[in-house]
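In what follows, subunit A forms one complex with subunit B and a second complex with subunit C.
The block that comes next holds the complex of A and B.
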């Protein structure tokens, strides 16, 4: 296939396209002319040293920040001027590094809150307990319990989030994002703060989600772990993309090796 | 020496006042919880509920439709307060937003004065409910309506927040607005709804208390202050605290009304606030040092 043909094929499969996106705040250019495509069903890792603009890029995709230049296209819709809750309704949900669980709710209520994005019941019908809103409340409850089972927390549905381990809290965040109907998950340092056993479990879970058709875009510093599971790796440095390819291609990229380890091989873990 | 009937009378008056203050405090709690705005116009919705119900009722409309229309109009005014005043200034400091609600309160008072005049107005007890004599104490015919309405509002709010998807979305916005936005909850829509809900609550309370307390263009601000005291004494972050604060304030006022000269009522309420703030700065239900 010709290069043009390959490019067209990639664009057709793309769930997300970042086109020459830049943003600056407080006089600093945090992201500068970054472009890449995310193919449906892939796991994509964005790696780079601290301050490379990784988390800023996620905020641009979810609408929490607006780019000063460039375009962001999601499922053939331009979304770089769209409010965060509208982007979430298009199937994109971010799980933050600090997860942002709702501490005033149980685990299952946290996940149920994620279902609000697709609820069709009005405030009035919900308040008056009309039959269709009661049916929807049951559907929401069932959906939340199913998502919790999927992430292995069915037994802890009625616990308080604060009583769970850090790794379990991360999985509650994933269940909440899945309950919101996300088919593109944006994960900000999902492995951060996890012990070795939890890291393995999370990788298995992410591969399971990929198998179910969920696209995953993650920002991560623990590069040796993400290189194992990612189909595509984007490397940022000082807000600019320096490499984009498969794990093998990235590991052989001289600029990436220089960025991480001087002139040694890329093994990834910078901690 | 106080006899049983006097103690009972204090208790009945205290419950009655406590319900009113708790209900107003709950309106403040709903808006503050979701938006972080201390809405000093909450008492104006109580005033509007009472005045509009009187206006419709005296024009010949039956009581229930009068009350419903008053609630709908107050809800629309609540929506206007958010959409036209708070929303455009949403990125301003907390104190700016508080002053905006205060300005709205004064404007509402002024409009009410020009429309309805300065006279106090009242309604008959709902469906002619008679006064009840109980062991020498008098329960005014409207008192069971006030207490019953407050109970229904409290139960309704607990149910709504605890068992409905929109209630959970409101709680999510109150706890982690950023997390809420990224799972698709519109914090603006929830803020608008919180103002509408609080205005509706205030209007219902205003209509129900009018046969007992009468209403006029200037009743809003004193009621806001009482509701605010209830919320601050109990802890504005928790509905249970607001209810407890309202009841404590109502009881204290009722007892002081029976035992002290009339000019000292405000002193009692403010005295309670000072004692609570010194011992439990975040309210009765939150131990010092805890959040």
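The block that comes next holds the complex of A and C.
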């Protein structure tokens, strides 16, 4: 296949394209000219030490931050100037590092809140409980229960999020994101704070989601875990991309070995 | 034993509220039979305050926006109803609806300006708006009657005639209050209610998370601000036709602060809190009017403020979630373990 043909093929498979994206806070460059492409159905890991710009990159994709330069394309639509709720409606959602479950809702209500993006009953129709609104609520509750069961928390639907363990809270966050029906899931340090057994279960769950056609883009510092399951790994350092490839390619990359995977943690990495 | 799915369905269907609502309605309909004329007058006040407080609970308790300016919309409803019905002779019922829509439209404009502000800044701006509103009412003497008030506002008609007795006003006010309660309960137990709770930074919400889940936070904040204004406007219109005469003092900052106190005391996690807060404060007010002149003589105004302040402090110390939290503790629900 010609180079042009290969490029077109990649573009058609791409669910997300980051093109030369930069952003700065108060004069400090957090992300600098980063480009990469996310293929539909892959698990992509962005790794790098603290301050590498990983979380910032996720916020740029969800629209919570606007880039100062570059372009972000999602499903052939440019989204770097689009409001976050509109980006969510294109099938993207994020689970934050600190999960941010709504403490003023029960576990099941949290997951039901995830269904907001694909439902549309108005203020008036919900207040009047019109038939369309009632049917939608039934659909929402069924979806929420299915997602809670998928993460193994069906019996804790009415618990307060604060009464759950950290690992359980992470699973509720994931169930909420799944309830949104997103086909691109952004996970910020999903393995953070989990014990070994939970890490294994989460990896299994992520592979199952991939099998169902969901693309997963995750930011992680536990490199050994994500290298096992990721199809593609992007390595950032000080806001710049230093490597992009398969796990094997990354592990063989001299710059990455020298700075990150070599003899212990990268300089500046707290782990 | 009910399954999780059945429990959710019961919550969504509002079945858990229906029995309480029915009982509440029956009690309210029979109150005039046992309370006497004075009790009915007091209950009309409770009903009017409850409507305004309910709107504020949706705004403050669910969406986390503090407003100390509900008096503006209460006044807008009252003055629009008063002015249009006395000058143009239009049906008070029609004007009530027009005033509610107009108050909602004003709230959308104001709400869009306020939406990017947070917490106490919103409270300060709405308080200032209330002061401006009262000054405007006083200044526009030809239209509003100025400081002396606007008299001769017609009663709400029923069919071809306008009943002048308080009992009719009682039933009108409480039927409207119950209808708005049903609307509010439906709202908070739905997609809309969850969206509002998700943006409530005062009670565990997160705007970032809400947005990545598809919630248009500006739209919801503006809409709930408008709903609060519409509730206040409806209460204002009912008040104008009930009293027959309105003056700017009734819509001042004192009113707005009192409504906020009622919301806090009643509890802002449920529209039911409005009735508890309004009921308690109006009852205390009436009790003071009866007791204080006999005990210490003179006006009860200063004692009212002391009583409101004391109740508010006691509530914040011992029942930070308001009187509604007592009800919740008695419930065997599993909503929050």
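Everything below uses one rule, namely that the second predicted complex is superposed on the first by the 258 of 271 C-alpha atoms of A that agree within 3 Å, B and C clash if a C-alpha of one lies under 4 Å from a C-alpha of the other, contacts with A are read in each partner's own complex, and residues count from 1 in each chain.
Simple rule for what comes next: a residue touches a chain if its C-beta (ideal position, glycine included) is under 8 Å from a C-beta of that chain, and two chains touch if they have at least 3 such contacts.
Computed from a predicted structure; not experimentally measured.
A.B. asks: Superpose on subunit A as described above, then tell me if subunit B and subunit C fit or clash.
C.D. replies: clash
A.B. asks: Looking at subunit A, does subunit B or subunit C touch a larger number of its residues?
C.D. replies: C
A.B. asks: For A:60, is the partner it touches subunit B (first), subunit C (second), both, or none of the two (neither)?
C.D. replies: Neither partner.
A.B. asks: If you stack the two complexes on chain A, which partner ends up touching A:18: first (subunit B), second (subunit C), both, or neither?
C.D. replies: After superposition on chain A, A:18 lies in contact with neither partner.
A.B. asks: One more residue to check, A:72. First (subunit B), second (subunit C), both or neither?
C.D. replies: Neither partner.
A.B. asks: For A:45 in the superposed arrangement: first (subunit B), second (subunit C), both or neither?
C.D. replies: Once the two structures are laid over each other on A, A:45 reaches no partner at all.
A.B. asks: Please indicate which partner A:84 is in contact with in the superposed arrangement: first for subunit B, second for subunit C, both, or neither.
C.D. replies: Both partners.
A.B. asks: For A:235, is the partner it touches subunit B (first), subunit C (second), both, or none of the two (neither)?
C.D. replies: Neither partner.
A.B. asks: Kindly classify A:243 by the partners it touches after superposition: subunit B alone (first), subunit C alone (second), both, or neither?
C.D. replies: The answer is neither, since A:243 touches no partner chain.
A.B. asks: Overlap the subunit B and subunit C contact sets on subunit A and report the shared residues.
C.D. replies: 62, 64, 83-85, 88-89, 93-94, 96, 100, 102-105, 109, 112-119, 121, 123, 126-127, 133, 136-137, 140, 176, 180
A.B. asks: For subunit A, which residues count as touching subunit B in their complex?
C.D. replies: 62, 64, 83-85, 88-89, 93-94, 96, 99-105, 109, 112-119, 121, 123, 126-127, 133, 136-137, 140, 176-177, 180
A.B. asks: So in the complex, which bits of subunit A are touching subunit C?
C.D. replies: 62-64, 83-85, 88-89, 92-94, 96, 100, 102-106, 108-109, 112-119, 121-123, 126-129, 133-134, 136-138, 140-142, 144-145, 154-155, 157-160, 163, 176, 180
A.B. asks: Provide the residue numbers of subunit C that touch subunit A in the complex, in ascending order.
C.D. replies: Per the touch definition, subunit C meets subunit A at residues 4-5, 7-9, 12, 14, 183-184, 186-187, 190-195, 197-198, 200, 203-206, 208-217, 223, 227, 269, 333-337.
A.B. asks: Okay, in this complex, where on subunit B does subunit A touch?
C.D. replies: Touching subunit A from subunit B are residues 156, 160, 163-169, 171-172, 174-176, 178-187, 193.
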